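Have a look at the structure below before the remarks.
Labels run A, B, C and D following the written order; every chain starts at residue 1.
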Amino acid sequence: MSMPATDKTASQRLSVFGLCLLAVCLLLFSPLVDAEEKSARELPGVKVFNPAAELWRDVRQREAPVSGKTQVGGVETGVLINATGDRWRQFRMDELIPVGGYVIGAIIVLLLIFYMVRGRVPIEGGASDRKLPRYTTYERMVHWFIASVFLFLAITGLILLFGRPMLIPLFGKEGFSIIASACKEGHNLMGPLFLLALVMVFFQFVRRNIYQKGDLTWLLRGGGIIGKKHVPSNFFNMGEKTMFWLLVFVGSLIGISGLVLVFPVLGLGREFMALAHVGHAIGALLMIAVIIGHIYIGTVGMEGAIEGMKTGYCDLNWAKEHHDLWATKAIDQGEAMSNEAVASLNGEKTSTAPPGATIQGAGK
Amino acid sequence: MSEQFEQGVAVLRDQIDARISSYLSSCVHCGICAEACLFYTETNDPRYTPIHKVEPLKKLWQVENTFWGKLGKSLGLIKPLTESDFADWEQLVYDSCTLCGRCSMVCPVGNDITYMIRKIREGFSVAGYAPDGMKEATKRALTIGSPMGVTFKTVQAALAHVEKDTGLKIPIDQQNAEYMTLFSSMEIVNFPEYIESIAKIFDAAGVSWTISSQAFEATNSGIQIGNKEAAAELVGRVVKAAESLGVKYVVSPECGHAYTAIRWEGPNLIGRPYDFEVVHILELLDKLKAEGRIKLEGKDDTPMTLHDPCQIVRRGGVVDPPRNLLHSVADHFTEMTDHGVMNWCCGGGGGVSANERAEELRIKSFDRKKHQLEELGVNTMVTACANCRIILEEGLEHHEMDTEVISLTELLAEHLVSGKTPN
Amino acid sequence: MARMKFYCDPERCIECNACVTACKNENEVPWGVNRRRVVTIKDGEPGERSLSVACMHCSDAPCATVCPVDCFYTTQDGVVLHDKDICIGCGYCFYACPFGAPQFPEDGAFATRGKMDKCTFCAGGPEADHSADEHRKYGSNRLAEGKLPLCAEMCSTKALLAGDANVISDVYRKRIINRGAAVLARGVSYRDASFRAPRSTGGKSSSQE
Amino acid sequence: MIGEFIDGPLWYFSLTAFVIGVVWRIVSIVRAGVRPDLSIARGSAGRGAMRAIFSRFVPERTVTTSSRLQLIAGYMFHVGLLILLFFAQPHIDFIAERITGLSWPAVPHWVFIVAAEFSFAGLILLWLHRVLNPVTRLLSDMDDHIGSILVFLVMLTGCLALAQSHEALRLIHLFLAEVFLIYFPFSKLMHAFTFVMSRGYTGATMGRKGVNA
């Protein structure tokens, strides 16, 4: 009983209003709105209340969804109205898909422009004849593990997100359904591997990614973009560290929310699932944008950047220019190796020189 | 040269039996054997991966026995085995493998990689791709009778010394003795104490033994270089001598490769079983001790460890006797982390010690043993192989370590309860 | 064209669950799927009411909007149907639907939900009417036979109405007017009898038509 | 049309090719022969062979530290693959329907999924190890990569078809499985059978010598 019966006119007005609402709620956008209103007007002053409309209206307008009892088992079967569903629909259709598309597009365009303006960042001193060991086999394995899993998840995820507007026109509904089904199964299956890879990455790289003194300078000078001068940095620079922590935190968010989404069996409510989806989507788009930048630098953006991840060794001049604090220390510790020694350790040597000849520089 | 190469390839082809076919079919290139090989672990050079060393054999097998190989060859996509393959692999096959067999123990599909390297050497040696040091050693063994050029005259001189020192008569060419004892040149030249010890122990135990003037040398360079004919010739001499003397047993000396050669490969090389049995000196000593024929007294309280010679333990199967014997004379005997059939090689087996070219690599690979010793912190290492002993001493000297290497047989002789001898 | 709707009158629903059973039986839905359910509000308290809920066949269905593979369609009768051959079982329609209509045959780990299943207004699916495939996937197609959904037809108190929106709203409107007249005659406000706890009228509620 | 070909003739062809190929390979290995060992045995060759066949499933202690990741990944992959291959409901149904007519209990769906997770992680890590570790990079040839990638694709398409709702996805999986079967006898994938022989041969030799290999 929400209406106080003391005020007659108010109560009357409300009763008419109630009828109107009844009409709206009763049959969504149905043509009998007019008829209903008319019938209400034909009987002025009579308190004709529609119990069903009252019920639905209460369910809708109360803050918490009214739930009752039902014989039917399952998640939230007693809930009459899923209040968050519509908000989630709006987010997905009006915000996530268009904005997400723009963000990814914008990143690519920005990088293109940046590349056209700045070009490939060269090793200024040119490639030297010595190298520094940068990543162990295990470190590179972990990196490429998370990279391959991430790429797979990103591609399948983007297909599921943008497939309806972008791929259905190409493949038709049936064709896209095949793609989407495959993507969904693959995405769900590979998802947990991302978490595994994330744990491996975290433990392998966390020590070198703790922020240090020089990192603020790096940030202030835009990582060397401003003023075109290299900024001193350690094994990882401020940007890489930030990416690492983004990966750790946002990646965990994506991973855990993803687990929520793939375990409907846990009986979590729709509100929580929708929230998980929101977190999953925003986090994933953010990470995809960041990783596009990461891939840009690794491939076309900078000379010598990918070498370390590919071969395990990086050029000495590259190290001096981009990670000078680390490079100086490493050189002091005598880690620098001739290109031949590196080639030998990487099994690239094919000459008939005595096998023992190159072992001097072999580090552990 | 080219004809010789063809012969080498033909010999190599002959080596491919069911075992090798099975091994090459099974290898999934996992690389786990690399971590078992001291030449890899000490240099990190991937070419020292054991299975990589048999690449020429694999290539031959692939081209001639597999579908893709045959197809690739007929299409000209795969080049057949060439002489440059032999040239490129010669050092890998000879310098960086001691035939220690450790890789064969870890292979997940159970490949006996050592067996394959042993077999690939057959082809290489025929084709003429073998280190000069080993070639010469084999030549000396065939012509003079010992890889180190030791003649029976030298032996006699050494024996005379021993007789003088011990006051014992050393039986030579004694018909129908029970045991015929062999030595390695290394022992005759560098460690005559070994002969002395044997004489004392055999005397104390009352063993009827003899040394043959026709065949005193136990080592077999033919096997190390991979020359079947030479190996058969060398084994044949021993067999002939033993059978003409009518001995029941031939005693293999401490030397490891000698043991595998005479005990396991010998009958197959000459193509018939022996009329006698081959025992390793440690087996014999263990047996004598168990029978109570030799008595030992006193125990050393210096901490000791045992270096297992690969060919005696891992490839020879004499695993427990050295331990039983050492325990009976040492109070503080501790094992190294990897011991027994998983021991690390000294670095000089399989003919590597006869190969001057490999010296640098061999010294480098000694780091493994050094590390093992440092980890254990024991300064006395007992072993039962003259070759190991020399190599270990060289390595220790190189690193200026004050670790003592002693022979197990000699150690036992020191603790012998001397019944008859006044010494 | 007609615009098919359900309407459930909580004043009449006696929570007998016959509609649920009828639906299950008629459509041979898989275990665990309930296309229709009866929800009772304020069970055992004053103002107890029950509602039978299924897909509302919305005119602008949220499920159809969010579906990543666009498997929903609306028939000429205004029935919202979906194509199970296209559905990938992602569960998004379930998040979006206000009424909890979409159902999934399994709820196993790794989102192996299976294809979504929901009330079809007994109108089958995209397959040919009365084909074996249609029956296997979507259950019966009564609409093609000129019949209404069995749940509504079975309803003993005629609480659950199904059919053209114009027709059922007429039926319903008449009921309300009749109830209004009864109220006038008895002087008891129907509002007071609604499921909300009476505030001013104290305990004199829960009268019946 | 092409689907019928994949589902029918090609399947039977690939199965025949697989069986004949494997038998032929094994026979040709055995036919190469082993020379009899004339030395006096210290231990039993047979027991040594049996021992090696099983004992090599448990790695030596020294390997467990030096190649730990490979071991873990290797076990994850192989055990996972075995479960996927022989204990997945669709596979058992398929085998029962097409080959033996026999069926056996399948693992529950969640076990299948967990096995798939392990298997994928193991295979990806092993392949990455293959291309990134200097040793395996040096050793690996095309065959190794083709084998790994084929297995990966068969597994992946199988898992993409997990929903069991689209015939096209099943056919892609089946097609790759058929390619895999045909490729199998010509390749390193044979190690799935020959490892028993290799271990047996080595174990027998070592067993004669009285060494536990």
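Methods note: a contact is a pair of C-beta atoms (placed from the backbone, for glycine too) under 8 Å apart; a residue touches a chain by one contact, two chains touch by 3 or more.
Source: prediction; values computed, not measured.
Trainee: Touching subunit A and subunit C alike: which chains?
Mentor: Intersection of subunit A and subunit C contact lists gives D.
Trainee: If I average the CA coordinates per chain, which chain comes out farthest from subunit B?
Mentor: Farthest from subunit B by mean C-alpha position: C.
Trainee: Which two chains have the most C-beta pairs in contact?
Mentor: Max contact pairs: A-C.
Trainee: Determine the chain that sits nearest the middle of the structure, using the mean of its CA atoms as its centre.
Mentor: The chain sitting closest to the overall C-alpha centre is D.
Trainee: What is the distance in Å between the mean C-alpha positions of subunit A and subunit B?
Mentor: Measuring from centre to centre gives 61 Å for this pair.
Trainee: Could you give the separation in Å between the centres of subunit B and subunit C, each centre being the mean of its C-alpha atoms?
Mentor: It comes to 88 Å between the two C-alpha centres.
Trainee: I'd like the Å distance between the centres of subunit B and subunit D, where a centre is the mean of that chain's Cα atoms.
Mentor: Result: the chain centres lie 37 Å from each other.
Trainee: State, to the nearest whole Å, the distance from the C-alpha centre of subunit C to the C-alpha centre of subunit D.
Mentor: That pair's centroid distance is 53 Å.
Trainee: Where in subunit D do residues touch at least two different other chains?
Mentor: Counting only residues that touch two or more other chains, subunit D contributes 113, 133-135, 137-138, 162-163, 165.
Trainee: Multi-chain contacts only, two chains or more: what residues does subunit A have there?
Mentor: If we look for residues of subunit A contacting two or more partner chains, we find 177, 181, 184, 189, 345-347.
Trainee: Multi-chain contacts in subunit C: which residues touch at least two other chains?
Mentor: 85, 88-89, 108-110
Trainee: What are all the touching pairs of chains?
Mentor: Here the touching chain pairs work out to A-B, A-C, A-D, B-D, C-D.
Trainee: Can you list the residues on subunit A that touch subunit D in the complex?
Mentor: Touch list, subunit A to subunit D: 137-138, 140-141, 144-145, 148-149, 177-178, 181-186, 189-190, 192-193, 196, 312, 345-347.
Trainee: Which of the residues in subunit D come into contact with subunit A in the complex?
Mentor: Interface residues on the subunit D side: 69, 113, 116-117, 120-121, 124-125, 128-129, 132-135, 137-138, 156, 159-163, 165-166, 168-169.
Trainee: Can you name the residues of subunit B that touch subunit D in the complex?
Mentor: 16-23, 25-32, 34-36, 40-41, 44, 46-47, 49, 51-52, 65-68, 104-112, 115, 263-268, 271-274, 277-278, 313-317, 319, 338, 341-342
Trainee: Write out the stretch or stretches of subunit A touching subunit B in their complex.
Mentor: Those in contact with subunit B are residues 344-347, 349-350, 352, 354-356, 358-359, 362-364.
Trainee: Considering the complex alone, what residue numbers of subunit C touch subunit A?
Mentor: Against subunit A, subunit C makes touches at 3, 5, 7-11, 17, 20, 32, 34, 37-43, 49-51, 53, 56, 58-60, 62, 65-71, 83, 85-92, 94-100, 103-104, 107-111, 113, 165-166, 169-170, 172-173, 176-177, 179-181, 183-184, 189-201.
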